[in-house]
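See the structures that follow.
Below are two complexes that have chain A in common, paired first with chain B and then with chain C.
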Partner chain A sequence: MKPMFQVYDVGSGIDLTLGDDNEAIPRCKVAVKTLLQVFKSLASIERSVETCDINLDGEQCRLIFQLKCKHSITKTHHLTFQECESLQAVFAKDLSPNVLTCENKLLSDVVVNFSSGLEEITMNVTPCKVVLKSYSDDDNDEMAQLMKTEVSLSPDEFSEFQIGVDTDITFCLKDMRAILAFCEVAAMPINLHFEVGGKPIVFSLVHEDYFRANFVLATIASDSNSQHSNATANFTTNTTNRSQIKRSISNSSKSKLPKTNSKHLRKSQAQGHKTLPQAKDKISADEMDCNVSDHKISPEIPLQSENEVNVTEYKGFSSLEEPCFKKVKSVFFAPSQYEQLNYTRTVLAPDSDSEDGT
Partner chain B sequence: MVLRSQTVDEDFALNACIENARNVSHILKAIHFKDTATIFATENGLKVTVEDSKCIQANAFIQDQVFQEYSIRDEALTFQINLDILQECLSIFGSTNSATSMRMMYNGYGTPLVLTLEEDGAVTDCSIKTMEPDDILDFEFSAANVVDKIIMKAECLREAFNEMDVTSEVLQITMSPHPPHFRLATFGLLGQSHHDIPKDSDMVEFFECNETQSNKYRLNLLKPSVKAVNLASKVCVRIDHRGFLSLQFMIKNENGQICFVEYYCCPDEEFNEPTCTK
Partner chain C sequence: MRFRAKVVNIDCIHHFTNVVNTIGKLLKKCSVRLTTEKIYFILPDQVTNGGVSMWCQLKQANFFDEYQMDGVNAENNEIYLELVAENLCRALKTANNAKSLKIKLTKKQSPCLTVEIELPSLSSSSRTVLHDIPVQVIPRRLWDEYQEPMMPEFHVSLCMPPLKTIKNIAERLKNLSTYLTISGNQDGDFALRVETDLVTATTRFRDLEIPPFDPDMDSQAPSKLWQPEEMASARIDVRKFLQFLAGQQINPYKVICNIVHQTAVHFFLVHDDISLQYFIPVVSA
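And now, the complex of A and B:
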């Protein structure tokens, strides 16, 4: 790797070959806002700065940036810093069973579809495709319950696509957006290394000439997913055929669900109906898709049981046979009248062993 | 409003006409940080003054040569006017490529300032109430007392002012015969920053400094001068023996004529210093 710095002097007495555990290496942290102040106006920096000297003055406790500009002008910034212990993320990037490499534009175009307030995103990978969907673990967050977004990507979109373990992995979308913004500036492809939920996901970027960047994000452990996603029921609109509005209502379709799913559903009902917005009032036989019996109605309720890794099999869509190439499926759900939730529901296909007696 | 005909004009105490009203509004932008301004009209032209907190004063000089016609009956006329309204009237036709011509008339104490603006055949009459002028601060800044002086191209000061650390309460200006010759320093939450301009820089046209002087000025008071820096082509920074700061900005208008804008600011006193009372 070529050196990024023209002069790099860490002072005598520090043996760089000892690695990160070397106590003698000074470690400090600087507020990002403070650092950004130095590089406030990028346009003027590109235009006028000739060299930048960075010095760590231990005695005065200042990190000094001296920018020498054209016309002999000098800008000096003495920034305060704090000493700290560095966090070491425990991860073995090279041992990750799942590796994806793509241009940053691909992921940037994908994340643009998700609402800006969304905190976390779930990535579901199988050898056939990669699906990114919005994630919400906050039952009280009505906005999150109202709209869920999903985007599917095919393996062709990636320059490297290696999936050793099918998995759902959930991590912070905001962090991902920041990483993608950096990749755009660096104009480099991005690599994702990950295993399963609970283990870190690493976004890495190598600029051959100057730097390597590893962004390690924590992910939500997969067993906690199941409790959160039970609560929502939703209906999907197939973007190609509006008449096939499928409503998967947990009560009425219970009988058609495979056993494992119905257990989860009952559990969710026992927990309370507060987050079961279900637009049952408008159901008629016409609207129910006659193809229902042919398909496994799996949940548009995104259950994350161990038996079901691929929650979104989309078997409810008649156009399943086509591979999903980067299709944006915006799943919209909104109760038309909230008050009616408490009214007696018309159950079209009651479960014979129904507990709630409706 | 009645359109005033040419023949009535000689009766006015002040009568000025300009082909491009932007030449006036452009200069006034550089001092527009308060809503009222005091206008002094003399035979040499107009001086528009804006003040704040009794600590900072900005003056814009629009010489009579900038106007196509300029006549004044009395020695000097003074009145106070709402600068927001004046600027709005001057740009009443919006920002277009064609020039708006303006006639400005004032008939002495108690009368309104009348503006007639014309662009492409459309004519607007504005009558703006004038007010009793408040006393203007006299900073007693004389050229004889100037200790340090530097004239430089506005670009370098523009960068410095625009990048300044806004969390700093003060701006310290240090001028010295030794390097760094001219230093702008801020002390903010982020740390200390210096912007140094040496006297031999090619941006500096004139540098005179006899003794090292370092003075602090409230950054929020100097903030309005950023407007002037952005419009100027050259800046002259002068500090007198009391530490009072004078910033003079040379601003070129669309016709290439030069107008000057001046800012005076008094230094920030350190409260922990013992003060001598007489």
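And now, the complex of A and C:
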């Protein structure tokens, strides 16, 4: 891959701790809305910006964007960042038995047939065909009243079609729409790596010259429904947890990221600017990787037998019946408050916004 | 009870979609009556609908290439269903460039109207999209509620000016008041009037066509038309009127407006394959 930046210097100004493999792990985050303000109008950026300098000022806790424009105008933006725990995802994309590759238009055309309010979608794969249908919860009467849609695709429509395990996998449609919106502008084929319900599905996109993106979505474990109801019960007992989790997600809304990325990407492809637009892309791609794809899903996590439900929670990353967890579904996250629930597994990602701080 | 219909011609698909979209804009829940010859979309006159009612019928042969209907029993060879109109609209939206469209009555977890659309695709086999729209079967004892409404003896009957013009005017008038008075006479005069404390705004049309009274049409009752000079008027809720105007996608030849003085306004859309009637009752002063 070509380097995106002309200068890339990780100084010693911030406290970069070293991870397990001795790689420096960035430990700060900025609000996406604020970041979008810097790159608000693509047209004007194209016209006037010549270079962009990005500096991290550890002492002042500021991320500084300096846009040097034509006519010697310099626009400087100081963004506050917060330190946070970064989460590392461990997902074995390359070991997935099921891999599908297709043009993003295929999935966009399919997804448009589903009602816009639909939350989850189920994908059923066999070596003969791929069927996407609206997810319906058998227990829920209200859902029975809604229209259900089903689209079948033949293997010919995919440029790569490798099915190792026949499976039924359910994940969030809203997230998928956001991912497809991003891919549309990247104009690259999209790869789906997945295994079975319960294991995450990875949408990956490689843009040769600039970046690679992995969107990891949680999926519902397609085992018995009782696991779902147990999961719900567990969550309702801990309202404080919920609010903590909500805060810590802090709108790392991927739908915002793809939008800006898409604009920049389109333009940068067209004009080959090697400065500002790509800088943004790189950061976003990393941020996406960190925030979105972080959690260890290995089955080695020790579980008590009564906590069968935890398997669902981890795999499914929260019960999908609880509306407030809809965002959590796609972020691998385990708040430290879980310790209060008497689970014996190790907490991999303590909640950075918790009162005891980190 | 069985129902199975198929359309292959894309123009017919579009035409049917337009009808359904028009219905969808007018009502939320719609009753569908299927007979061997026709398909009816009905909104019966119930208190819950605020007094408005709608009756739309189309000849199935003009739309469908294949049509099989087996009703409740031999004597009552019809099917009455109730569904959310918007679902059908959404399902048909997929059929924009479909190769074929099939509609069937099925039983999944509950009775459903399944819309099966075959879309062209790059590969050899085409893509199929299936929509299951939950429906409720209306039992036979309630069928009487869904009979064709009796035409009231209207006092004035004339053809309206183009609906687009009327719609623009009504939209402006809506800002002044919630109630609109429609009046007309047999001389071809037609007026839309809004009255408030401060202002009265009237839009008049003259020399409109008077539809010939056609005794063959089964939906018209003998009418006691007034003398040409006498204006009959009815005061209706402008929002209901706009709802009727806003959703029009059928492009009828003409729209006949029948006014029953101080009672109701009745709109009758005339088209080759379809006829649509819409009643708006008067709002009491």
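By our rule, the second predicted complex is superposed on the first by the 199 of 358 C-alpha atoms of A that agree within 3 Å, B and C clash if a C-alpha of one lies under 4 Å from a C-alpha of the other, contacts with A are read in each partner's own complex, and residues count from 1 in each chain.
Quick note on the criterion: a contact is a pair of C-beta atoms (placed from the backbone, for glycine too) under 8 Å apart; a residue touches a chain by one contact, two chains touch by 3 or more.
None of the values given here were measured: they were computed from a predicted structure.
Peer 1: Following the superposition defined at the top, how do chain B and chain C come out on chain A, clash or fit?
Peer 2: On the superposed model, which is not a single observed complex, chain B and chain C fit side by side.
Peer 1: Now for A:S44: first (chain B), second (chain C), both, or neither, which partner does it touch?
Peer 2: Touch partner of A:S44: chain B, not chain C.
Peer 1: Tell me the contact category for A:D156 with respect to chain B and chain C: first, second, both or neither.
Peer 2: Second partner only, chain C.
Peer 1: After lining up the shared chain so the two structures overlap, which partner does A:K148 touch, if you call chain B first and chain C second: first, second, both or neither?
Peer 2: second
Peer 1: Using the superposition on chain A described above, determine whether A:L79 touches chain B (first), chain C (second), both, or neither.
Peer 2: Only chain B; A:L79 stays clear of chain C.
Peer 1: Which partner does A:H71 reach: the first (chain B), the second (chain C), both, or neither?
Peer 2: First partner only, chain B.
Peer 1: Touching A:S115 in the superposition: chain B (first), chain C (second), both, neither?
Peer 2: second
Peer 1: Enter the shortest inter-chain Cα distance between chain B and chain C once the structures share a common frame, rounded to whole Å.
Peer 2: Minimum C-alpha separation, chain B to chain C: 14 Å.
Peer 1: So which positions on chain A get touched by both chain B and chain C?
Peer 2: No residue sits in both footprints.
Peer 1: Contact residues on chain B for chain A in the complex?
Peer 2: These residues of chain B touch chain A: 156, 159, 162-163, 165, 180, 188, 190-198, 200-203.
Peer 1: Using the touch definition from the top, list the residues of chain A that touch chain B in their complex.
Peer 2: 31, 33-34, 37, 40-41, 44, 48, 62, 71-80
Peer 1: Quick one: which bits of chain A touch chain C in the complex? Just the residue numbers, please.
Peer 2: Listed in rising order, the residues of chain A that touch chain C are 110, 112-113, 115, 138, 144-154, 156-157.
Peer 1: In their complex, what parts of chain C are in touch with chain A?
Peer 2: 84, 87, 90-91, 94, 108-110, 121-125, 127-134
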